[in-house]
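Order of writing sets the labels: A, B, C, D and E. Residues in every chain begin at 1.
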Amino acid sequence: MSAAADSFLERAPLELRDWAVQLLPAPLQWISHHLITIVAVLAVFGLFFAFTTVAERKLLGRLQNRLGPNRAGLPKFSILPWHIRHKLFGLSQPFADAVKALTKEDIVPAAADKVLHFLAPVVVVGFSLMTFAVLPFGRNLIPVELDAALLYFFAAGSASELAIFMAGWSSRNKYSLLAAMRALAQLISYELPLILSVVPVVLVASTLSTSAIVQAQGAWTFGVLPHWFVFTPWGFAGFIIFLISALAESNRSPFDLPEAESELVAGHLTEYSGFKYALFFMAEYFGLTALSGLGVTVFLGGWQAPCELLYWVPSYLWFMGKLILMIMLFIWVRGTLLRLRIDQLTRLSWQFLVPLALLNVGNAAFWALTAQWSGPLQLVRWAVSAAIVIVPFLVIGRSLSAGYAPRTYRYAP
Amino acid sequence: MTAALLLIAVLMLGSAAAAMLRRNLIHSALLLVASWTGVAAFYLWAGAEFVAFAQILVYAGAVSMVVLFAVLLTRQSREADLPIEPATVTRTASAFAVAASLAAVIGSAVATARFPAASAEAPAASVKQIGLELMAEHGAALLIVGIVLTVALIGATVIASNDKKRDPEDAP
Amino acid sequence: MLGSGIIKGLAVTAKNFLGSYHDPARMVTVEYPEQPTVLPEAYRNFPFLISEDAADPMGTLRCVSCQICEKECPPQCIVIEKSKDKKPDATGKPQLYPLTFNIDISVCMSCQICVEVCPFDAIKMDKVFEVAVTNRFDGLLLTRDQLAKPNSYYHDIHPAEAAEVDERLAAERKAAEEKAKAAAAAKAAAAAAKATPTPKPSDGPTEASAKGGTAA
Amino acid sequence: MTPLHLCLLISTALFCIGLFGALARSNTILVLLGIELMLNAANINFIAFWRYGPNPAAANGMIFVLFSIAVAAAEAAVGLALIIAVYRHQKNIRLQEATVLKG
Amino acid sequence: MTLPVQLLWLIPALPLLVAGIGALTRHRGVALAAIFAMAGSFVLSCLALAGALQDPAVHATYNFAWFDLGHGTLRLGFLLDPLTALMTTMVTFVGTLIFIFSLGYMKKDENFSRFFCFLCLFAAAMLGLLVANSLLLLFICWELVGLASYLLIGFWFHKPSAAAAAKKAFITTRIGDLGFLLGLLWLADSTGSLLFFDNGHGVLEAATLASLSGQTLACGLALSTAIGLLIFCGAIGKSGQFPLHVWLPDAMEGPTPVSALIHAATMVAAGVFLIARVYPLMSADALLTAVPVHALTVVAFIGAITALLGALIACAQNDIKRVLAFSTVSQLGYMMLALGVGAWSAAIFHLLTHAFFKALLFLGAGSVIHAAHHEQDIRRLGGLRTKMKFTFASFAIGMMALSGVPFLFSGFWSKEAILHAAHEWNVSHLPLYAGLCAVVLTAFYMTRLVAETFFGQPRSHGADHAHENTAAMTAPLVILAACAVLLGFLGTPYWPWLQKTLDPHYEATQGGLGLMLLSIGLVGAGLGLGWWLYGRKLRATAADRDPLATAAPFVMAALANRLGFDELYAATVGRLNTATAALAAFLDRYVIGGLVTFLAQLGIFSGSVNRQMDEANLNGGFDAVSESVRETGLFYSRKQTGETHGYLRVVAVAFVLLFLVLALGGVR
């Protein structure tokens, strides 16, 4: 197994970096080491963002029995044969979009606070990129190895709220301001369950370091059942809470209220156009990717292979695969669910997710305390843990949905 | 090292001073966020990562939000455009005098103080160590802080909620 | 149970997703430039002029340049210039014909009033919608040559309506011929007695039947 | 001039800026923020003494700062709630006008 | 796959959880939850049993501190040994079956969920009692068991007789518990611990026992004897031993499953369990010769008297449940007898077999009562043999097990073990004779019961329209009947597995075939006598005179009246109580009341004097002081402008000044 962990493919990215570094003159080497890492992350996730947008549009189309973008091909001067170049499944759509966004007119309202109006998209992209620093993309691939990585992640993520406020306030537009306030309320409400859903993992893994959390999930029962945290009762509950909160944190449907176009035009983005708008768009996807990456790291075993047989596949491929699955899940949810009302949104957080997440912390504590139980006691442990998840879920769920009897649709099948 | 510290200090003090002088409250608040971030940078510089991230999470993430909400909820019309009152001038002057004199006395005291030499190595404090100390030695304090936070949260909600009773005529 | 509805919804969209790959019937999208859109028969767009013979469109226009449509057109996008001379029409009767027949389709609002008022079934609504041009002034001003389309084209786009119109016209012509014969006979009969003026077909019934035709 | 002196001078400056804000500004929110700055200055001192103090192995300085941050957060929440209550009562938040507790 | 002793608390915790849920909701699903909880406890008990059987001689304990008391720590604990494990397994198994039976029996009751809540509470307390490793924890659960018994006897509290019976049961057992409590306190005082086993420091371990039996009291008793007898008082009350047996027959006012569970199988056996548990303490004085009496001798005689008395009274009862109740009293006497003669493993053996066949009999009786529209009088039943085949068959098996029909039925083996032990006892043979008499009587009254209930013609409307019950009620009967047969083979003289497991020092004694033949003969005699009196000529109508009453009317009347114990107690204890209460009322009303009134008047008088002095003299001075305080306050309140800036500025300036003073003054 250690051979696999040390295989050439596993080390390839690092080897490549070291080779590139040693090409440079000695005084530049220490900084280029970091610069290469940053550039690599930017390039990979920049492209990832680009293709996420097109994947999202295509998937949404398919989910609604449509085709999605399939036109944008390559320009005429490319050397590929026509039938490939012609459409290319619409894969070059993001580049067309980028060119469009770059060439659009950049409008700044006359009454706007120019500095803040400019700063907001910069800040939001900057901070959402910063969160990538602590995600372990592979066995050896973590940009910064921090002891308090999870804390760092949430600290960096919380800055996006400020950026949204800056965008909303500096636009001098009532819709923008209202949307910004709404976004803030939403982000603050859901930051709590988001963090609380990760706390159980911290409790059980007893570390804040993301790479150590991934290491803690690296084992298999019978070689096929991975010890990912999502496969425990508390981990599953935590993962679901994390998913819901992550949806809300990244302003995605069904929690896309701040951009509810029927109420607020385009929310805090109303007064943004062209490249600044594209930056916001980008930051949103970066945030989504980072949160998905965190979910993969914390609950889905990070770069760990799902079974022992597949251990030889390079770890970063596993990470990317899981990341893509997570994002597809988000897209799937977006293609399915309707937008919530603001009162439903806050109620969901404070009356449902937060209590469940708090109970889940206790659940994880129980799990950690009973770690040495074995034999039939394992069954007791699982049963108790599952009961701590299911019983409150049913009780709270019932009380929340009390009075909303199953609806009968008179005019629809 | 010292250069980095000075850079951080300039950022931190500059934005703090600007925040205290601006008439636009939102600008003040955002500048203060910058200042708090500077403080976090100082913590990072001193090797206290955990505290730095906690500082950002609490101040830039939470306190700033509360401040901004408070600013927006208590907006007064065109305050920035009002003429400066004479009382304001005297108050500012006296405040400056007091603050400057305090700065002078503390600064001189600090400048003349002698401290035992310390190691140049930053002390290593892992998160685990902090966690263990928090839970073991300072467990009681941690509990009390938890209670304080809870009480403060509930108290803030109670204070800020509209406690006016509805007029009986309003009731349908 | 809370959340079961979400799972049901997710199942529905997942079914859509998978179905979209193996069940072409699900896909409602028409890939337009490659795949032509099938328009409903009642679809109408801009008017065109019917000519009887595709080989000689200008010679066989049904339009007799009566200018009723020009007068009735609400946005006044039709411009007609009468010919000085007369040419025989399909029945062989000499009629006026339009020297100029211009429709500015940048102004036209596709109201179909011109079709309804035409007593000769000479102007009908077309189905062409790809009218994009590079010059929006001259390009969108359709002249007589561009407007004239053969009756067979009319049959292509509105088969039922065209058949009805043809049938009516044939009946009218037959009636006219019989009348003409009768008249000829009468003339022949009367020629002996006296020469009488050629009887004109009255406007009333023709107009009514034209209206009935378009309404159908 | 050791780094410790420098840190302490910086914290002194931050403290005095905060004090100036608290004394000079009429807007209660800014007064509160000035006080927050003063708290931060104190926290800087804790960290400085932890970093350059005689016993850096003990994490007491950091833990004290953590508690201080927690209490500051509570203080900010309650303070701003009070400000909103004051605003509702007197329709402005000028500190010099908030001179009575009755209301 | 065993249950570690640290988790033994799970066994009572499951029913307790359901009891808690049942207290909060009235949902009928509580019953299912209760059955599942009991079944879960049964599974856990089986795991515990498997663990305990791995090494029967070990007393696995888990002790923990409950709270600090002065300088000492009060410690509780759990104990796992074969005794505990067998008892918990029996209780949970029988309990599960009875819960299932109750599902059918109580179906139409409006307080269905409350019933199961109480049952669960009882089960939790009973199981807690069994797993306790501390006399204190045992006592707590003991009292909880009593409470649950009280609640369940009085479950139909709208019936005055039920309410009275509940009260009677509670108060009567309390008298015994008082002795228990005194013994417990004395034990705690003299040993400083209440744990049974505690690495050599427990009260049941050699060192403590030696010190306890070494001390002699003024009356000549050994200390251990005195404490043991006091603890035995508790057992007398709970197990319905003479002279505190009066509550048990009345307890039959409760629902029949309760009678089966609490007043036949489990709770009443708790006294036997208690004595078996503290057996080392009871037998600590066995080697002393200079003492007037040994604790176990008392136990043996009380047991013998109870066995005989219960059997006698049972012969003359007409209520089907009363007969079984007195039978229970008698059988408990047997167990006490066995304990007293030193065969505690035989006592537990009999306890286990008795639990099964008596639960079977009670459930059978419940089935009959349910079917016969709550007709309990055997004179008015009859002819049910053909109407309720399952019930009759299982009831007959129970009856034969109880009577001790040889070889096939468990009761025979356990009873035989007890009689054998009594025969071996070298102090006296009187208990043996009492036991042998009881054998005859048992066979006799059981024959009478079966003949009257199941044979002949139906003698009332209810019996006439009886029909077999649903599976929920018959299935437990069948299972219990199977157990009533099979369980006996665990402890035959030829393979005494149970005794060896419980008591590693047990030695199977050979011989005694004569005694066995004698008791078989006696059983035959009892059965024959019963058949001769009741079976030969079956009762025709409910009003017919009992053949026994015809033969010996006076004896029959006395026995039917339960030998007048209730009247006796009413005449002595009851009257004494009333008189004491009257005296207390007099003292309270006149003597203490008068004193209180006098003091109150005194207070009023001094108050009025005080007021005069106050108004005349003191007020002026206070006015002046108040005025000056007010002036001062006004002065300072002018300084209090409410300007926060001002305050803050003053603080800052003061700080600067303080700093300057410190700096210039050179204070270090």
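In this section, a residue touches a chain if its C-beta (ideal position, glycine included) is under 8 Å from a C-beta of that chain, and two chains touch if they have at least 3 such contacts.
Given the structure is predicted, the values throughout are model-derived calculations rather than measurements.
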{"item": "Partner chains shared by chain A and chain E (touch criterion as defined above)", "value": "B"}
{"item": "Intersection of contact partners for chain A and chain C", "value": "none"}
{"item": "Graph distance between chain C and chain D, where chains that touch are linked", "value": "3"}
{"item": "Centre-most chain, if every chain is reduced to its averaged C-alpha atoms", "value": "A"}
{"item": "Two chains joined by the most C-beta pairs in contact, as defined above", "value": "B-D"}
{"item": "Most widely separated chain from chain B, with each centre as the mean of CA atoms", "value": "C"}
{"item": "Length of the line joining the C-alpha centres of chain B and chain E, rounded to whole Å", "value": "66"}
{"item": "Distance between chain centroids, defined by C-alpha means - chain B, chain C (Å)", "value": "79"}
{"item": "Centroid distance [mean C-alpha coordinates] between chain D and chain B, Å", "value": "5"}
{"item": "Centre distance in Å when chain C and chain E are each reduced to the mean of their C-alpha atoms", "value": "104"}
{"item": "Overlap residues in chain B, where contacts from two or more other chains coincide", "value": "50, 54, 62, 69, 91, 94-95, 98-99, 102, 106"}
{"item": "Of all residues in chain A, the ones touching two or more other chains", "value": "none"}
{"item": "Contacts with two or more other chains, residues of chain C listed in rising order", "value": "none"}
{"item": "Partner chain E, residues of chain B touching it in the complex", "value": "91, 94-95, 98-99, 101-102, 105-106, 108-109"}
{"item": "In the complex with chain E, residue positions of chain D that touch it", "value": "19, 22-23, 31, 95-96, 98-101"}
{"item": "Residue ranges of chain A in contact with chain C within the complex", "value": "59, 62-67, 332-333, 335-337, 393-394, 396-398, 400-401"}
{"item": "Partner chain B, residues of chain D touching it in the complex", "value": "2-10, 12-21, 23-27, 29-30, 33-34, 36-37, 40, 43-44, 47-48, 50-54, 56-57, 59-63, 65-67, 69-78, 80-85, 87-88, 92-93, 96"}
{"item": "Residue numbers on chain A that touch chain B, as the complex places them", "value": "116, 146-148, 151-152, 154-156, 158-159, 161-162, 165-166, 169, 177, 181, 184, 188, 191, 206-209"}
